[in-house]
Amino acid sequence: MADDETPSEHRRGMGTSRLEAFSDGVFAIAITLLVLEIGVPAGSSDDLLGAVADQWPSYLAYLISFSTIGAVWLAHSAITDYLYRANLTLQRLNLLLLLVVAFLPFPTRLVAEYIREGDAERVATTIYGLNLFLVSVLVSVVWRYAVHAKLLRPDADSEEIQVLTRRLTPGLAGYVVLIVLGLFAPTLAVLGYLLIAVYLIVPAWSLRAHRP
Amino acid sequence: MADDETPSEHRRGMGTSRLEAFSDGVFAIAITLLVLEIGVPAGSSDDLLGAVADQWPSYLAYLISFSTIGAVWLAHSAITDYLYRANLTLQRLNLLLLLVVAFLPFPTRLVAEYIREGDAERVATTIYGLNLFLVSVLVSVVWRYAVHAKLLRPDADSEEIQVLTRRLTPGLAGYVVLIVLGLFAPTLAVLGYLLIAVYLIVPAWSLRAHRP
Amino acid sequence: MADDETPSEHRRGMGTSRLEAFSDGVFAIAITLLVLEIGVPAGSSDDLLGAVADQWPSYLAYLISFSTIGAVWLAHSAITDYLYRANLTLQRLNLLLLLVVAFLPFPTRLVAEYIREGDAERVATTIYGLNLFLVSVLVSVVWRYAVHAKLLRPDADSEEIQVLTRRLTPGLAGYVVLIVLGLFAPTLAVLGYLLIAVYLIVPAWSLRAHRP
Amino acid sequence: MADDETPSEHRRGMGTSRLEAFSDGVFAIAITLLVLEIGVPAGSSDDLLGAVADQWPSYLAYLISFSTIGAVWLAHSAITDYLYRANLTLQRLNLLLLLVVAFLPFPTRLVAEYIREGDAERVATTIYGLNLFLVSVLVSVVWRYAVHAKLLRPDADSEEIQVLTRRLTPGLAGYVVLIVLGLFAPTLAVLGYLLIAVYLIVPAWSLRAHRP
């Protein structure tokens, strides 16, 4: 009995503890690096308040990207909560997810720099939306693979599993709509990304639904 | 009995271990990125000592921001020490806290660059103070929500809880006073932020109070 | 009996938990910093799409370095999975490994900047290959030392140990071939590094071999 | 009995797990940020090999700082291995240690930039040495405080404690000698810092002494 438990305990911790620690590290760095992109032009001492106010696209981009990475981290935490063990395929799918998460600071910078600049804004917004979309797709893929490969805890409630599967899906459709919208009205699309982010991060909606 | 304990053990670890790891990551990065802002102008080889000395506002800003983030991390550790489990609302409030902590390097840079530059100093100091204030408010909010939503360990001493609630409050008043003071005497306000930071980080005061 | 277990439990956790946490931190930061190198020249608003497309060497370098660091992290996880305890020599060999992993962003930048620039490309590619080679050598050294110094779990299957030893070796030969190739055809060598990286990270190959 | 153990278990984990995670994060970031300082001047494509070779002071500084931070991390790991619990004073002393560790990239950059530049080299080397010295002092202070405040594991061998106390001391004297030497022969002092770093990180010396 005791022998039965030790190896299973071991197998449980095998992949997931370092997978969690490494992923937490990448999420934490990607989310914190975003602030490095924000700055006022050198020599703004004559009108610093104006110069700071002029950086609003940077704050907006910071807010959207921070909220999005935060929401993805929340989803990732929910996934690893159900995870009993990892295999090599899951580890690699997770690396692909981290690849696109760690890439996000680049299109964030593009949006912050080229918003309200006509065609350039369209390009920046589309790249940004595609990156957000890929992040969402890969979160879903990681989760569905874990379900499919039976890597979840044996005691995981199948209804809870379906709830999480549903919760990870609608974001995808939202991003597709906003990417297409962004080709015609890029500023609207940016506001859409902000709405998704605010919806994901502001606790108001969850107050009713998630009260223990 | 054993069945009773396993799920509660699980629920305990559910949110808090990754919440702690992710928060530690963001705090550690925010606190370490601050040094990237420090540097002497290129080609200071004629008088490097003078050039290094001229960077004193950068060292001051580094010291204040490092101490403040360090103190917030200490408060955050104290909170998670009492935390039995997390829910989605707590996770999101915690993300809001990390959002403003990760933002701090930007106003830190503003203070380092525009101190002693008249109106610009006033603007930089006010933004810096507002950021510090928001950080303090959100630490308090996270703690009060955890108390209110009954997320604390059942064995947490109610007197200890009140002590921690009190300890997290006075900083708020101090920051409000210094933000207002900063509109008239920004350099004084910066020294005030330094005093709060030194008070929070120098061990002298705690030697008596916290001896085990 | 209980006394026997507590010290061994302690010795187990002694070195490895912080070794894992610190290594995860360095891997996560090295892999995330790579995106800081990517950016379009200032004032590309006239043709942002073209400017973004022109950065393809940066994306290629990002992809190769991310995949390589990701694969090294996977190998490192596999090693620490078998590790029962650490000693000072293992800690120092691990630091040497982290030294060359943390260095990788520099040659990555060189390749991204000087690809397709004649002799400069040759130099950049060779330095990049040497760095990748050193990383692979040190992963092997850390593993072989752990086997040799009997730091592995007593229950580790000796066949599994041999499989891991073999899996860590072929990369070395591949890098030697590509470094030599890079002296004559640097672009081909870069594609070779990409192939190794894709082979290491894309899950397709592992689907059959690693199904639990 | 069980009641006795649970609170002590709790007290054990109280401070140290997050103290370790946060410190690991700061060490990992400080050690990895060092590579950001390395780069060749823009447009070195005519003679990239020469430009890369010209950066030798950067590699030297990277090597010394990486090794020093690595060695401090090793000492810090040894300390927390003996640590049974933390108190607020230890947490704050640890924050002071992290403050000076996280500062190291700045003087590292100074040395890399101003080596072989006469007086500027003297200034850069002295600041660098002072920073290394402060790091060593604070590692010692953290350890001695932990011993003095009886925060170590009850089963810690008093002889082992004395060995660690001795091992943490000689570095201090070495740094004082090199700081003074650096006022007259800065290049020699830099080589001295390299020797200390190599001595601390190369496994050769430890092979005999630390065989399990």
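Should a chain be cited, it is by its letter among A, B, C and D, assigned in written order, with residues numbered from 1 in that chain.
What we mean here is this: contacts are C-beta pairs under 8 Å (C-beta built on N, C-alpha and C of every residue); 3 or more make two chains touch, one makes a residue touch a chain.
What you see is a predicted model; the values in this text were computed from it and never measured.
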Rotation angle (°) superposing Cα atoms of subunit A on subunit B, nearest 5: 90
Identity of the chain that, by mean CA position, is farthest from subunit B: C
Interface numbering overlap (same over half, different under half) for subunit A and subunit C: different
For subunit B paired with subunit D, centre-to-centre distance based on mean C-alpha positions, whole Å: 24
Euclidean distance of C-alpha centroids - subunit A vs subunit D, Å: 34
Multi-chain contact residues (two or more partners), subunit A: 21, 24-25, 28-29, 33, 36
List of subunit A residues in touch with subunit B within their complex: 20-21, 24-25, 27-29, 31-36, 38-40, 44-46, 48-49, 52, 62-63, 66-67, 70, 73-74, 77, 80-81, 201-203, 206-207, 210-212
Subunit C residues within the subunit D interface of the complex: 7, 14-15, 17-19, 21-22, 24-26, 28-30, 33, 36, 87-89, 91-93, 95-96, 98-99, 102-103, 105-106, 109-110, 114, 117-120, 123-124, 127, 149-151
